[in-house]
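In this document, chain identifiers A, B, C and D correspond to the written order of the chains, with residue numbering beginning at 1 in each.
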């Protein structure tokens, strides 16, 4: 099965998702002359937007690179991809919850919003672990030849690390909300760093498999 | 007429549709400190979202596989495809209605919402029956050679089965709302199972027509 | 300049436009048990949605076919295409106005909504006239060789006819609102019929230019 | 790394962004019979929409042409592109603020909205300067051979000019709000003119590199 349309559809979903996040910015209620204060009070919306844009953007960059290492798709991968997309679409809502609770600053509500975000991030990490396992068990789908085992050896603990970080974030949130928030940010930052590392490794593998040329 | 742009446009519509379903998640009105309860009370929104994501996702997977069996499009198919897309875009609204009525738990309103969903599902199944009939009558559009009749023989009752399930769901809703809901879910589940079966059959047909290679 | 990305971008805009029209369906305010009446009272939203879906869908089908007759784009065509897309994005708002005024049934407001829709339809027709004129003056951009003059001869009055229909619709709306509405619907219906006719003619031209084959 | 999916994803983001701008048009509250006045009072929404559509449209046209001069992408360019897309998605919100404050006509609020728009425009210009610098330092990514230095010589002051215009707009807004608005419009107009100039120059370069043919 050709992989082009699956990529096009996924690109579409990521593009929409990353763009409709912006709909969380709503013109606030304000008294004439006090728009500045009203806009400044929206800093959590901007903050949550930056984090989620970075998060979804990193996932897309990863998706972009990873699917380039595959030469075809099949029914199983289509279903896993759909579940991955589903998990990523869920990030919009906790983003809005985090922004809202940071504005109202109620401790209990912030915990709920942060833990919600953590749970979705755990779910996303789980779908990645599923994807890795599936592709490793179907080496005929991949373009990488020689060093494929090395490649999967290098990344196989990435989802486990994500799960540990977000799991720790959930636990921490009940004791110190700011430690919880820090761990959540660390998780998103970790994905970005992991992408940069993965990206180099994937490019190298494909280049070697193709003798330095892209097909 | 080349089929690429028609697929790209359809992919776009499906990608948007499946993603804007997520806009149904709205930050609820809640008293400070009670966000958890407010979020938990939104379970019907999550439930309806999961069902509709699965439904639209399955339709996209099917569309993806089925149009791969075609080698060109024409004015007739363009129009049928547009009507199909139209029917699928209608699913967003009853999804919201189902979520809302499950929250307010009024029996009469739930019946209205479920029957609305069933009617749109019937409409979608009808456009699929139309598509099958049209393509079967235009064998020159397809890549599948030898076993095309077998293929259409295998799937021709699928829309009829869908119509029966959703028809039964409508009737049942008036007697037992939960039986109606069960039949509606059975309909969506049936599409997913039917896709998995179809997918194998379509892949086999294309592979044989191409002597094992994709073009 | 390659035309692929321009088509991809345009497909994206049309796909989004035709899909976000569906956001006009909002769960109505209703008393428990009276959802059915509330939903039935929304018939103008469904009606306006069907008309605008047909309208935007027809414009996309036309765009799809017409740009297949071109082999490259240039800065001028890019700008015209952007203005065309702009004009089409404007249709969402009068669609909502028409639906709203049909619900509240105030004669003056309905006239405003219908005339607004007519003006946007006039604007869209004008951008099509601009596109035709531009491409006719740049025959080097087209794939059609021999019968290009015949082709443009056949379609050159189409935008003029649209302008006449929508102009008549505007005038009529002030005397009889239903005649105005009828002419507006006639305009949208005319585009669909014109597309079916054009589609055949464009396909024939490309086929002949390519000796029966698509490139 | 192939550049196709990066373009497709970017096209998707631009297409969505330019289309959801239209969601700012909301059916106003109005008394029966006074829809006309209510719609006319929305002129700032139309005005802000036209400006932002032209702005985002110009950026897309530029993106479309510029990325055609590149033959591959890499991790660095992917990250810069993501930051560019992020900066452009931010334009929706100040567009809505400008429209709102033009309606309520409070001088302080208008200053806030204009300066917000200017700051986002500065940010966008900065990402362009970053992109130019990066690609100039990675000549192996480009298709343009001979006159690449000339090309970057010609455009290298464009982002500097933008920064000066928007910087002047910010300062001016505090003294004369209309001069500030004029400079903001001049900035957007300047991008469009700069695109038309760039477009010719880029086309010429690619054509020469390919001996008059596109690959």
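One rule holds for everything that comes next: a contact is a pair of C-beta atoms (placed from the backbone, for glycine too) under 8 Å apart; a residue touches a chain by one contact, two chains touch by 3 or more.
If you're wondering where the values come from, they're calculated on a predicted model, not measured in any experiment.
Of all chains, D has its CA centroid at the greatest distance from the CA centroid of subunit B. Although subunit B and subunit C carry the same sequence, what matters here is overlap: shared residue numbers make up under half of all numbers found at their interface. Between subunit A and subunit C, the centres computed from C-alpha atoms are 38 Å apart.
Taking each chain's centre as the average of its CA atoms, subunit A and subunit D sit 27 Å apart.
Counting partner chains per residue, subunit D shows two or more touched chains at residues 8, 12, 15-16, 20, 23. By the touch rule above, subunit C contacts subunit D in their complex via residues 1-2, 5-6, 8-9, 12-13, 15-17, 20, 23, 72, 74-75, 78-79, 82, 85-86, 89-90, 92-93, 96-97, 100-101, 104, 106, 108-109, 112-113, 116.
On the subunit A side of its complex with subunit D, the touching residues are 7-8, 11-12, 14-16, 18-23, 25, 27, 30, 32-36, 39, 50, 53, 57, 60-61, 64-65, 68, 196, 199-200, 203, 214.
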